[in-house]
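Down below is the structure, laid out as structure tokens.
As written, the chain order gives the labels A, B, C, D, E, F, G and H, with residue 1 at the start of each chain.
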């Protein structure tokens, strides 16, 4: 049974009880695909007690209440990330896009300061119909990737860094000012937003 | 004869001679679709003297050296804009997307402070496979539009405004912080970038 | 017995003892309407031990030491808010305005990304003689509301959001740059200030 | 014959022809009260050639196409300003409010560094049902005025100053952070916005 | 016995042991007047165990190791402050100036939103040979005070406030942009710096 | 005949006629010492036509309408500056202080990158009862000077520089964050303010 | 005859006469190598009239008054730049380094959005003992280059760009936040500073 | 046995286990020189349990897993720092450079406000082939040092300070705007980056 598009609960700033209550309300209303982002393990425990089929994507900090099966797209979208500290954001993007029906190719540990590792991934990069590119610190990765592929790139700046990175502002400015064509940008650390936009784009490319 | 994807010349900060020379070089190299953005009428005059089939999109500040015919897509992308001061940026987006093979629906004069005008355009908004939404001042239009449609929205902040708009920074922040899903953002006044990204996305939706 | 205008104690950064002492001092001086904003439950407990008629508005974080009865205005002011995270600020505004003698209509959960919910409230929005509109993230709600009503709008940006929202600066800039007429803005998270200004305005509209 | 509320044309960034054309269109549509803000003398000349009853408020940079008579309110609103450089913004506020039917009391040259001049105006300040307070540089005037009156204050920061005033940002921050109650703020140099909001408020206080 | 100018230890970011060690070193070197700023009670306890004549100015967060007697100046400097939250900074200034030999007049609770309280202090304000004026939030007090006196004003912005005060930046900008003559500014929360500068100035006014 | 303290006209943003009119008004009122800052040569010409005893300090951009004689103080204040581009600001400070009765010692061309030139001026630096230190670019000079002298230092940041100097903000922040004691700061390019504050301080040191 | 290190005149903000006078003074003092940066053609004309051996590096905006011959280093430093708009800054760096005795290899038109052009230059990049990398817009080039070479990289951000590039701040932040090791940064558009630092470094690598 | 260049692990934001695992992996791969920066004592304990030859540089927060011996360079590089709060950053630079084969001269406690202490170190400053200069607060030290030496200076701003230092931004801007030649800058608190760059530069100066 193919499930519908997910309903989303943003758990940050809500209590465990509030999160579980909203989820319950949705399940009661018949929703079969609930994405709970920025969910702590406590949120997951509370939800799993009610709906044992809930699943916790720890790295993505997503609790997924899924009844049925996601139908994966034919062509993948790619989620590309530089450092290990960027992985929570990248995983949030990846799980979001997958929960929206996209096959996801993860391409991690390919920062611009070690170009050979990125270039070694050229086939995978070129195969993707859309790419989410996640980077912190100086945030240069989306520019480089967009120059290597023809598909649209959704850039996600992260708050990873220190000193003059100003909570991700530096990476955001880098991406917004990119000299490469085919890049658009979402908010700092907004892995969900990047994955969502990529999935909206990706499903256009599927045979109807 | 269907032309290829355009080559692009960004004319800002280049002399008329430099612009014409780059265009000549491209024509000599066989390029049949050249988009000269931020082009003054002087640039157009110089180019048209060489290639009489050049066309000047005045509102978009684009000189287009096109030999052959653009094959328009079946489903349109929409370019949505609030005020008249935002039109140069909106037109730059529209002409860019069209030069890349997209049918373009223009939806102008639909600012958020006069919601009825926007709502009157619902059918056109919903028909678009992708939307470029251009807005200055407080930049709230993309949030509202993204809530009304399911297609991806590319938001273009403009530098239009005064006082605390800080050259478009205010509109950029508004769009980057949007609470609506399905929005990604390009640089301030970057109509070209918005139209380009929309066209990359739009061509996926076409039957191959 | 109709009480006077409230005296206000801003409890943030004061100890429980200091808050209670200031309140005692006011009661001793004959004040019958004391609004203690940003009050913790501990503050309320200490005050209620002395003056059992004190009441705690938990969501608003206001402890109200009221002896007598508020005379409600004929026409209401409206307090409008988008997300649940904005409710503490909205409630602070609502309780403040009410304690100053205004009938208050709460219109919550009407963010711009779900316009139909806002439009469904048109009658209530239009009935209000003044509106306090509270919003975080991109802060677009006041612009949209001001376009729908003729009464003055007091906009209250909140610090709700993440990434490039910079503690509410993004919402503040949005509101200050609004292209709608009839909006003025108070400080980030300043529900008290918004409710106070709305009540000053609202009492003008009452028959004398 | 009492005229209606004005329609407004913001002339900045529009050509003389565009401004005159929009005005003509409105007159043709029967509008009897047109406020053209940020209008140059050239705009006025073009409009006056068509409608000799047009009037130019030079200091306010407003061209007013008024057919009929404004009915002045009973109680005045006050427009308060510090330095002579702030006068264009103050006048824009004053003419706007008056064109909307408010009697306007101008209280100029009352900066906070010369408090006696301000205090000498106490009777006029207290008589006003609403006050627009305009100030540049450090922007402290609204805080002081709001402490002296009970009516609501609309604060208008101006870009007047130099050095670290950052185009009026300094004055805007001062006003937004005011410790006085009963202040709300509009955009930098937005005299129109301040006058408009004050008039919306002021007409509530009139006997119906 | 008249003591010399104090040596100063800035205790923030140092351990109790480090603070005590530096003080010991100074005492051993014969220093009779040691000002330990930003000192916790723990620092005081450690120092008092060694030098029982140490004194703790709690509100100022200063531990003073003074052996001998301060000779007070004839004419006072004034330390002026608005709100109770600004008192730690004001007291730091006052104790610093006093430890440098100045008679200090404290004038507290005189914010600009309640001008009558400030004006009631005119004689004391005018008597001072130099004034340290401390204010947070919008930071307007130094402008008003400088307009009332002829002596030089040292303005100290504090980080007190919320919302758009940005850790005191708002107050700093207000003071730097003051339209009053005779004001100069020190760093945010730098009560020590304000008191020190005032004392340097004040001792010039003393008969030699 | 000893003249009084100067009255000041800030000419920036005023027409030649306005400046001359204000000066005439003051002369008519008996003012014998008028300092017209930011005065163009045209302003001087207009004023000198009326009052031939007017004098133009070109480097300082000050037109001085002085009738009588300034009585110079015994001990000098020093005006210290780094580069030649800072001289207009330094001269504005110097002329202002002198017009207020202070003997002024100019110490120019002593930037921190060439320390020997600064150290060669030690006797003059130490002799001054107060110092105005003017610097652009990184603005480090006041910190170094304050470490070398015991008198109070008034720091004046200038907008001289390029790149990341942000119109003098960089120098302002440097000076406000100085680790040296005895520094306070005025606005960017505010030579008048620096000279005025120094003169207020300096006259205290004079025998009465 | 080997010349010494150049003396430098920064011509921006100086008149032609001032520039020529300073140069004359240096020549008179025996300086055989004078670098006049930010020099207009008018400056060059004035200087060449006096010293016909002066040479104008137009692209670099440098007038070079050189008597004798520069002794070029054995190993080159490289000056790397992305777009044509960055060339004035790159040339300023190149001419500066060369005038200080360094052999200079120019590697231009190698932006990160077209990686193949950069990679095609690997041999030249690796041969350099030190690299000056100049980039505007998002400023990502230094990070990529530093990952490809082992020599130190001096990064020079330029003000080239538009929208949210804030006069080069975006590129500066990118470079300062670089995740690659072996990068240090100079001021925006400071080609001179980059070339100077590279030459200081480069001469260490020469056999003595 | 001379060891190779260190491999670097940046421990901030990694668990003790992750740090130890990466180190183990490197040791297993034959790396004899591992620099673990921002390492807590817990990280050291875990690593030392595995490799008893690991050493903890507490002040530098560096855990060094070194098997063999560093070959020190002939000429030293200098690490210069102002206050004690800057020492962790200075030590990170010093240990990094030393682990890369450089002899390191530490010159501490030489802030610009006490110039004599700096000048007393002239021989050591001049002997260094390259200098890392670390400073917080106003960050003026690199400008002064660069004026005293001919070798290149790598400036490291620190986040030490309070008030308007904005986490080190003030010191960063000071250094980037330095009027001295021969300075380049790394990120705030990036002692590793400063030491690394200095070592890259320093090894050029060694006889091969």
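Keep this in mind: contacts are C-beta pairs under 8 Å (C-beta built on N, C-alpha and C of every residue); 3 or more make two chains touch, one makes a residue touch a chain.
The model shown is predicted, which means the values in this text are computed figures rather than measured ones.
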For this session: Please find the path from chain B to chain G through touching chains that uses the fewest steps, and give that number.
Result: 1
Exercise. Given the touch definition stated above, what is the smallest step count connecting chain D to chain G?
Worked result: 2
Exercise. With chain centres defined as C-alpha means, what is the inter-centre distance between chain A and chain B in Å?
Worked result: 27
Exercise. How many angstrom between the C-alpha centroids of chain F and chain C?
Worked result: 49
Exercise. Distance-wise, how many Å sit between the C-alpha centres of chain A and chain E, to the nearest whole number?
Worked result: 52
Seminar exercise, completed: dist(centroid_CA(chain D), centroid_CA(chain E)) in Å evaluates to 42
For this session: Would you pick out the residues of chain B that each touch at least 2 other chains?
Result: 163-164, 169, 172, 176-178, 181, 187
Problem set entry | Every chain pair meeting the contact rule | A-B, A-C, A-G, A-H, B-C, B-D, B-G, C-D, C-E, D-E, D-F, E-F, E-H, F-G, F-H, G-H
For this session: Show which residues of chain B lie in contact with chain A when the two form their complex.
Result: 8, 129, 150-152, 154-155, 172, 176-178, 181-187, 192-194, 196-197, 200-201, 204-205
Exercise. Quick one: in the complex, what on chain D touches chain F?
Worked result: 84-85, 160, 162-164
Exercise. Can you name the residues of chain D that touch chain E in the complex?
Worked result: 82-83, 111-115, 119, 137-140, 143-144, 146-148, 161, 163-166, 169-171, 173-181
Exercise. In the complex formed with chain F, which residues of chain G make contact?
Worked result: 12-14, 159, 168-169, 172, 187-190
